Amino acid sequence: MAMPSSSVLFKKNIIALSRYFVLAVGLAAIMIVTLPGLPAQYRILVTATLWCCWGFYTIELAVRAWRGRTPHGGRIYLLTSSGIIDLLAVVPVPLALWIGVQADIAWLLAALWLLKLAPVIPGLSLLGRVIEMEARPLASVFVLFLTVLMLSAVALYVLERAGQPDHFGSLPQSLWWAVTTLTTTGYGDAVPQTFVGRLIAGLVMICGLGLFGLWAGILATGFAAEHRRRDFVRNWELVTSVPFLRNLDAPSVIELTRLLRGLDLAANTIVIRRGRPGDCMYFIAAGEVEVRIEPKPIRLGAGSFFGELALLDNSPRTATVVTTVASTLLILDVSDFRAFTAHHPELAHEVEAEAARRRTGHQDHTSHKNHNES
Amino acid sequence: MAMPSSSVLFKKNIIALSRYFVLAVGLAAIMIVTLPGLPAQYRILVTATLWCCWGFYTIELAVRAWRGRTPHGGRIYLLTSSGIIDLLAVVPVPLALWIGVQADIAWLLAALWLLKLAPVIPGLSLLGRVIEMEARPLASVFVLFLTVLMLSAVALYVLERAGQPDHFGSLPQSLWWAVTTLTTTGYGDAVPQTFVGRLIAGLVMICGLGLFGLWAGILATGFAAEHRRRDFVRNWELVTSVPFLRNLDAPSVIELTRLLRGLDLAANTIVIRRGRPGDCMYFIAAGEVEVRIEPKPIRLGAGSFFGELALLDNSPRTATVVTTVASTLLILDVSDFRAFTAHHPELAHEVEAEAARRRTGHQDHTSHKNHNES
Amino acid sequence: MAMPSSSVLFKKNIIALSRYFVLAVGLAAIMIVTLPGLPAQYRILVTATLWCCWGFYTIELAVRAWRGRTPHGGRIYLLTSSGIIDLLAVVPVPLALWIGVQADIAWLLAALWLLKLAPVIPGLSLLGRVIEMEARPLASVFVLFLTVLMLSAVALYVLERAGQPDHFGSLPQSLWWAVTTLTTTGYGDAVPQTFVGRLIAGLVMICGLGLFGLWAGILATGFAAEHRRRDFVRNWELVTSVPFLRNLDAPSVIELTRLLRGLDLAANTIVIRRGRPGDCMYFIAAGEVEVRIEPKPIRLGAGSFFGELALLDNSPRTATVVTTVASTLLILDVSDFRAFTAHHPELAHEVEAEAARRRTGHQDHTSHKNHNES
Amino acid sequence: MAMPSSSVLFKKNIIALSRYFVLAVGLAAIMIVTLPGLPAQYRILVTATLWCCWGFYTIELAVRAWRGRTPHGGRIYLLTSSGIIDLLAVVPVPLALWIGVQADIAWLLAALWLLKLAPVIPGLSLLGRVIEMEARPLASVFVLFLTVLMLSAVALYVLERAGQPDHFGSLPQSLWWAVTTLTTTGYGDAVPQTFVGRLIAGLVMICGLGLFGLWAGILATGFAAEHRRRDFVRNWELVTSVPFLRNLDAPSVIELTRLLRGLDLAANTIVIRRGRPGDCMYFIAAGEVEVRIEPKPIRLGAGSFFGELALLDNSPRTATVVTTVASTLLILDVSDFRAFTAHHPELAHEVEAEAARRRTGHQDHTSHKNHNES
């Protein structure tokens, strides 16, 4: 229940949004500064904007380096991956200007600001893991790719160099054709003209589709496996924060963990809309929601559940439910709910008992628990 | 058994088909009206057609708005998503004409009629759900996509702007090249000429395939999961309408629900063709079928099953079966039938008992049930 | 055990190969006949070849129509799908020539000979079934595709028609651009030049990748499911022809059927090569194999199994095994063998007992069974 | 425990790296030698490099042929697939030069050196197996591909040859257009201009996406299945080398084998980093690791396990673990660990007992086992 209070969460959101805004403005400015016919007064304005963004990142780096002195216990912040990204955002541009690089080229180094997105996106480490896990088959496909590339380039060089010395006059040129063809990009700057050359080109295109299909298949397989694994680890932690679910025996908890899906919601998000058909129930792992029923709304905190009525009697949603603070919910779909309760009727009984209590208006003990957090 | 009668279904089909027809005619007219060399008399004809389509949608909107006053209980039809689509089909064109927009540009707004397809296709909400569920990994791939885009554009700008100021003279131009290359579209309007530029371009193409493979993999995984979930919810409802299946205990019903596949058929569709090999049996969730056997055909209504003989003795189909009204069937494949009955012999016994009864000609109680519906 | 004798199989292979040869020669001739600068004497030769192929198909049609009179029981051969394909291969060309169509155009109708491949390839019906099963989501993606196509074409028509009236001067032209871009084909004949146009074009390309990813995902999911189903039906029939496996109880047979993979082999194919590591065992569903051991080779007929020694003691293959006639084998992989025998030790015991018998040289009862077929 | 000593492994790595280096240098030299404007002195240098690489491969072939005389027992090394690759790397170039082929063309045959990568990459045989297993559906898609190709080429030939005799003047030319379009390569050298031609072209592009999606789906399905099978076979062998796991009953070993993932690590690789969150535990199938704890590090050899503490109490890693020699580890993820121990509490008890012993410092019996190997 170590839940951050809503004001802290609000502050965090503002900071996150402002960081995205600075990044977007910065990248736009980098692009504008390269336009050849830009009038001088605009150029000054854009350069000023770039320096502002740079200032923002310099301050951010300073604050983080200051904070990061102690907690890592000997490990200095600037040596972490996050610290290196912060350094790469601040150091290169002034360094390049100081060395004497032309201003518009130096500012291109500010494209490194894009790396700021890396730690924000949790999926990147997931992708890295998938590629690590499937390294062998991916490498095999890559070797096949290189082999087809080389052999077709050699063949086309032999066949086409007499007729088109400009496009197939050397092996590197022929390789350029091969890579644009094998990836089915097809610029059309170099096109084989001989009959055998075109036959080979057709085969290369078909190989391209095949290799790409293999690539997609390997990545899809690896991704599905890794995704499932991550979800389990995350959901396991969330399940242990719901007392209601902890009462189940160990194999059931494992089974339920596999069925649940985690969902992070911002404050004031509508979870359930009254009158809509219900296809899942929710457990609150962290945060708080408000059930908007008459005469006065009820608040449910971490460890509670809601949305079970629609599953029990197939009725539409009877009330709108809104998050009051940023919350993490666990979703149990109707299909999984029915499959699970068919084998574990005790959960169904407990959910029904709680539902019956709610129908007769005894939710007071749940609704007061998290009042101090709103 | 709340099954609509066949005449209502027939009327519904006619309306649906006429709506598709109006849409097709309307879209064709929008295209024709933009042809530069169109003679004046044709232009008048096409414009008249467009106004007819517009009139159709206006009437549709009026009828729906009138009907939609009460049932939604306070919620006005025009504020639902369906109502907004209807409004977007009717309001923009006259509004644009009234403001003074040129006629052929104003009619382009009629392309919004395509949105009329949105509620017709049930899969669109499915796609939306998949994208919502897989938002994190999809966002990660998108960030990777943006990073490769930006870095390669910067690199090519530096490398190629001296040689090709027309195509790589500014960062936005270079980005245009990067996006056509990374998506393997390859227009060929801008092609790198330097050796390092081509090396980077080759890597960008390969990255494009990889990113696209990840994208396809994520969507495929999410799609498969969501599809399964939907089918379960739908089949669960259908299973409860087949009395024969409701007698099973809860875990068996769950298991069977996972195995069944729903199938919606129009009236007078051939379900089984005599003499063909049989690879599945059918339960009727709604509707009615006619089994064409000698001396006179038999009608089976909701709750009955057929096609089980071919599974029991591996024989070809002994009779042709045709739907008499629009029907919803549940298909149980031979593999699933055998797997299920291996663990639940009671279902096999019941199916065999019913099959034996049928062979000896006692199907009368089933055949009369739905006579009033044909 | 209704196994065709080897001489019949040999005749069938010759006929199948000759049909492929005629098709290949015919298609090559169709192509050559269209070459503009073809000398007259070659043209006569090629036309003669075409008439020979046509004669082959005419005779084939006549033979099949004659044979097909009775067995279908009232259904005439020419009305089956196979009969229609045969008719389409024979009738159109002379009909076109008789009407007065130019010879080289009339022969293009011979491209319909390609349809002859349809019944040969069993997977085509599989593809048809997948597309039927997944019709809804595929239709949804197609509607999305059409929507993006139409909206982007309208946007580019508005933005680009002033600057490029040749390429974006009408909506159909703009749609042509949209379709080449959304499928990431990218001919490069029409390229947007305005900034907003290129922004939209970039989004269209990304949408193209996304839609294509969805498409691939849906087809992959459906394909995997349907493939599994077919294999089960086929393997079930094969399992019932192996007496050894029929002794298992029903759930075990189901489980084993799921694990087995069918494999059709021509006569004189090497199944196992001596000295190689062994990763599977084989059951013979139909046909016969020769185990090349000293002092004299042993023949195993339908219902026998082989290759189990390598699984039992992890040793390399002790003998080369070759099919004597066209055979159908069932493969049980080592992983599945171990997983299955862990739960069903009785199979392992039987396999071990048989293996022990073989080691001590008592295979005589099996080796004589199919001698008359070799 | 037949583990090669670390010095042998080190020597092997050096040889492998030097082989990759020779290959890279050789391929670069082949490319450079084809550059038209290469000065004579550079040409001599590059040719010398090529002869050096050729010499390397000749020596390699000689050494292998000498070694390979006896162990294969009658089978000569030069007739194995590996021997043929070695021959193809050495024989063609001098042969071509001797026949009198021009030097720069003769050296193109050195592109066959790429085949040297084939045996290095284990995934190639996997790909071959997948394609063999899925041959039928892949062939079906290929036939569909050919049919669409042929029919669209015929249609475009009829429609476009009048307007564009240069690009659609014969069926082979039209087929070239069809193949570049159906694979969505889109060179743009031949573009249909008629309305119907463009309509058909649009359909061909959409078919291309569809066929490619099918292709990717089939390969992905087959790949996932084959990958799982291989992993099982490999892990099964590794599991039998861990005494701790062999104590489980047969079905549990099967289940555990499915859950484990093998991981090959070079010497001195960090397996676990102190302070990081722990999401898996490790079993040592072969090799040795060093657990860097105070006061002195502990060495664990084959058959031991580590990393279990983080799973038992959800704490971060308490020590850094490094391999001392090239090792093979089996990874058990936290999700699988919990799922497995929920059903097999005895494993959890044993792991906990061992963990308790370690916490109180009794690891001496494990730490001494493999001292002689470091």
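Letters A, B, C and D name the chains as they come in the text, with residue numbers starting at 1 for each one.
Criterion: a residue touches a chain if its C-beta (ideal position, glycine included) is under 8 Å from a C-beta of that chain, and two chains touch if they have at least 3 such contacts.
Every value quoted in this text rests on a predicted model; they were computed, and no experiment measured them.
Q: Given that subunit C is a copy of subunit D, what angle of rotation, in degrees and a multiple of 5, matches their CA positions?
A: Nearest-5 rotation angle for the superposition: 90 degrees.
Q: Relative to subunit D, which chain's C-alpha centre is the most remote?
A: Greatest centre separation from subunit D goes to chain B.
Q: Go ahead and note the Å separation of the Cα centroids belonging to subunit A and subunit B.
A: 27
Q: Between subunit A and subunit C, tell me the centre distance in angstrom, where each centre is the average of that chain's C-alpha atoms.
A: Those two chain centres are 39 Å apart.
Q: Would you give the residues of subunit C that are in contact with at least 2 other chains, written as numbers and ranges?
A: Counting only residues that touch two or more other chains, subunit C contributes 172, 184-188, 212, 216-218, 220-221.
Q: Where on subunit A is subunit D touching in the complex?
A: By the definition above, subunit A touches subunit D via 133, 136-137, 139-141, 143-144, 146-147, 150-151, 154, 157-158, 165, 169-172, 175, 181, 184-188, 191, 195, 198, 201-202, 205-206, 208-210, 212-214, 216-218, 220-221, 228-229, 232-233, 236-237, 250-251, 253-254, 257-258.
Q: Per the contact definition, I'd like the list of subunit A residues that touch subunit C in the complex.
A: For this pair, the touching residues of subunit A are 184-188, 216-217, 220.
Q: Can you list the residues on subunit A that touch subunit B in the complex?
A: Residue list for subunit A touching subunit B: 27, 30-31, 34-36, 105, 108, 111, 114-115, 117-118, 121-124, 126-127, 145, 172, 176, 179-180, 183-189, 212, 215-224, 227, 261, 275, 279, 333-335, 338-339, 341-343, 345.
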